[in-house]
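In the two complexes below, chain A is the common chain; its partner is chain B in one and chain C in the other.
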Partner chain A sequence: MNLYIKLISGSLRSRMQYKMNFLVSSLSYGLIMAVDFVLLAAILQRFDDVKGWNLYEVGLLYGISSVAITLYRVFCVEVHNFERYMIEGEFDSLLIRPVSPLSLLLTRNLDLSRIGGTIQGILILVISIIGLNIKNVELFLLLIYLPISILSGVIICFSLGLLTATIAFWTQRIKDFQTFTLYAPFNAANYPMNIYPGWLKIIFFTVIPVGFMNYTPILFLLNKGGTLWNLALPPAVAFVFLFLSLRFWHFGIRHYHSTGS
Partner chain B sequence: MVYWILLQKSFMRNMQYKVAHLINNAASAIFGFVFIAIWVGVLQGKEHESPYSALDMTYYIAAVQCILWLSGFLTAGLNIQNGVRNGAISLELVRPTNFFLYVTSQEAGRLLYNFFFRSIPIGLVFALTVGFYVPQHLPTYLILCISIFLAVIISINLHYLVGISACWTTEIAWAHFVNFTLLVGLGGQLVPIDLLPAPLSFITPYLPFAGAIYYPVMVFLEKASSEVLFIQLFWAIFLTLINLWLTEKARHKLEIQGG
Partner chain C sequence: MIEAYMLNKHFKIYETKKGFIGSFASLLSTKHHIVKAVNDISFSIEEGEFVGYIGPNGAGKSTTIKMLSGILHPTSGEIKVGGLSPQKRRKEVAKKIGIVFGQRTQLWWDLPLRDSFDILKEMYKVPDGKYQQFLKLYDDMLQIGKFMDTPVRKLSLGQRMRGDLAAAMIHDPDVLFLDEPTIGLDVNAKTSIRAFLKELNQKENKTILLTTHDMDDIEQLCSRVIVINHGQIVLDGTLEDLRRNIGLPSVMEILYRVKPNISEISLNGIEKMKWEEEKLVIDYDRSILSSPHLLQNVTKWGEPVDIQMKEPDIEEVIQKIY
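Let's turn to the complex of A and B:
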């Protein structure tokens, strides 16, 4: 853990050498996500709800999903950009270090410009909770559970990111896969799962289980259905998925062949 | 002609990544399905309150997902910023070719590739699943071709504007973010701009972003008259002139600094 903090703080210092660039990119990244939500708000302001979910209820889903994927983008930059290690042959240098390649990847870099997206996601969550006007036990339960939901989302996102990165051992390039495994599913998770056709729902609750991160628990927390199990499922699914992705990652490393150049 | 050859080379270079692009197409279709699901969910039982039916919005989103590959997803800054960073731009600007055409013809080659290997496959996926609108009147096809052509010119120019700004700012990531957000947000990617709340619904029809996405889609769906071409034409000419002027300014700046 000490090593992790040292490596991260080093990365942070190097980033802060370009303060203006950091500020402007954070703001613009936050702006992109804000515009997305403003458009959704424009639709729901005019048409009230989407299959029984009003703006603030969708805002909860949207906020959790946004915060989860942006935290992944802040802390897991090198996992996300892993194809560079394959294309430029840099992975060999990670294998000869006394620390595991994954730990090195996770501590090498931070993309703080994505923090703007996290802040924007948190703002949407705050606005939504205020707008929902829920009280006492329900509010308390929601506030207690939000961090668990976000953490489950980050773990699911990281697992999907790692699974996609592992594919690079065979395909080298993964950018096009990421649109399929990360961007599209997390975009879909911004909205309630009940609007999707059956085959999409199956995908989002099995191979790319983003539906568990926010839809499953919020369904129960907003009294829209489900049981207490809805609260236990997100972390459980996240850890099972993490375990599977780590296994796949190690399988990938065992089958890695350097170009020798 | 050299620009035609550059366009062809760019097309051929993109052909190398056909398989990866096909996977990406699947993701693009999923984005489309998500947006269609949102609209179908929103309009369920409320179609009488909306100028668009659920089927209209299905066709709208399907068409948008196809046109985005022609006038939405362009190379950030048309890669001009890379030349600024590594100094190559000093050579590119003194070549006996027009720098503006040199850069834009390469992007045009990529967009032509996108039409065949992105827009058409994605359109086919929608046609086989949720349905894809087919214009009913023959003149629509001619107006559509002009509208798409102008949309491409507008979008290439918007991206060129971001790219050439690197001569003064070096870093363009944020400018690209802002440009892209405005393009998809005010261009009508998710919400047709006439459904935006006031005052946005009054302003956006006259902005270049609508000319890049919304108008060609509405022409395709036969919901816009050919008069929208004039708005597109204005922006295509205006932005081109601005960019030619800025290119001259950039060249002048380089000459002063000595490259």
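Let's turn to the complex of A and C:
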């Protein structure tokens, strides 16, 4: 634990060396996300709802997924940008330490500029919950479940990120894969799953299980269908997926090629 | 202390194509050729030995060191470092070894040197008392105290290398792997690092495996030399063995104003003489014939305009083994 604090504070102090860069990038990132949602809101205002979901309901989905995704981007930035470690052979320096390379990777850097996106996501959540105008037990259940949902979401994002990163042990480069395994699914998770065609829905509930981040539990919590299972499934799926991605990661490390010096 | 038995590392090189489809295709494609970076290497290094591991670029030096330290998994063969397999028990082995890559610092780039040491102290669980001793001792040996509070990115190459060496020793490992620790350094920095390594080896009985392109490193430090080429060991013996096999010629080039008319020169230690018009190129063995002595003779033969002395290139030395 002491080591973790030392490593994190070290990477934070490294970041602080470039203050301007940090301020500008967090501001611009928050702005981009805000514009994104304003656009969505404008569209919803015109059409009233998306396949049975009104503005505030979609806002709830959007808020959960964007908080989860931006938290993943803040804390797992080095997993996300793992390509660099393969191309520059920098992974060597993680393997010579008596600590697991994954924990070194996670403590190496925090991308605080993404915090802007997290705050914006929380704001959307607050506005949506107020706008939904639900009461008593339903509200209580929703508020209790929200952190669980976000945490499951972060774990699912992290597992996806780690799976994609592991591919780099063979291909070196993963930027092209990330579009399909991360960016597109992350975007898709901002909207209700029932707007997608069947084959896409199957993908989002199996190999790239972003549907469980928000859609599954919210469906039940907003009385749109489903059973209590809808609440139990997301954390279960998240942990199984995490376990699988960790196994794949450890398998991949054995195939690490390093680079010539 | 370090054992390698029938060690192999083969790399499959796939043809990579651009774009998503391309990288996906190359993931599935079977079109590849195999590069035998390390090919049936065996050696055993005892405690307290100082071994030079030399060979041309791409011979397999770094690949070997990366397997010995647990970074890479060998295709086949066995490794033991301090009795343990670096692949199966990587974390335990990591505590027994210190590694320095001359080309890449292991320090935290944006932080003061002291912070890197603090983090490593925590990582290797070095007790406070031992850590204070370490700081004192390494300030004496490497004079790192002067730049302890300077961010690593602002250090000179020589300072950074001293910092890297100290960082590799923080957990008092028995074995040191040094991959080109003197690369790019000026003469002074090289001298101080060599003195430090010599002391580590002789006073503290550390086992050291060193790769280098600098023959001076080998001559001044190593009691044993392993030469590798095309992934295979071509010589494993003492410095004397290496000398006997190929000689360690130094080269002197003398440009004369007028080509002197000398027919026969018999000077003990001269291995080869060659005229390139007015320029005389002499390969000689420094252990038999000292440079000042040769210089004295050279000026007797004629009127030199320019004299240059060169150290043998490791690539040339390796070529001579065949």
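By definition in this document, the second predicted complex is superposed on the first by the 255 of 261 C-alpha atoms of A that agree within 3 Å, B and C clash if a C-alpha of one lies under 4 Å from a C-alpha of the other, contacts with A are read in each partner's own complex, and residues count from 1 in each chain.
Methods note: a contact is a pair of C-beta atoms (placed from the backbone, for glycine too) under 8 Å apart; a residue touches a chain by one contact, two chains touch by 3 or more.
This structure is a prediction, so every number in the text was calculated from the model and none was measured.
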| task | Scan A:Ser93 for contacts with chain B and chain C and give back first, second, both or neither. | result | second
| said: Just to be sure I read the superposition right, which of the two partners does A:Val24 touch: chain B = first, chain C = second, or both, or neither? | reply: first
| said: Looking at A:Tyr191, would you say it contacts chain B, chain C, both, or neither? Reply first, second, both or neither. | reply: first
| If you stack the two complexes on chain A, which partner ends up touching A:Ile130: first (chain B), second (chain C), both, or neither? | neither
| task | Look at A:Leu143 in the shared chain and tell me whether it touches chain B only, chain C only, both, or neither; answer first, second, both or neither. | result | neither
| message | Under the stated touch criterion, which partner chain does A:Asp36 make contact with: chain B (first), chain C (second), both, or neither? | response | first
| task | Pick one for A:Phe180: touches chain B only (first), chain C only (second), both, or neither. | result | both
| task | For A:Ser258, decide between first (touching chain B), second (touching chain C), both and neither. | result | second
| Contacts on chain A seen with chain B and repeated with chain C across the two complexes | 173, 176-177, 179-180
| said: If we count contacts the way the header does, which residues on chain A are in touch with chain C in the complex? | reply: 2-3, 6-7, 10, 13-14, 17, 89-90, 92-93, 95-100, 167, 170-173, 176-177, 179-180, 254-258, 260-261
| query | Hey, which residues of chain A end up touching chain B in the complex? | reply | 21, 24-25, 27-29, 31-32, 35-36, 38-40, 42-51, 173, 175-177, 179-180, 183-185, 187-188, 191-192, 194-197, 200
| said: Can you tell me which positions in chain C touch chain A when the two form their complex? | reply: 11, 16, 19-20, 23-24, 26-27, 58, 62-63, 66, 69-73, 90-92, 94-95, 97, 99, 101, 103-104, 106, 108-111, 115, 118-119, 122-124, 151, 179-180
| note | Within their complex, chain B touches chain A through residues 17, 20-21, 23-24, 26-28, 30-31, 33-34, 37-38, 40-44, 46, 49-50, 171, 173-174, 177-178, 180-182, 185, 190-191, 195-197, 200
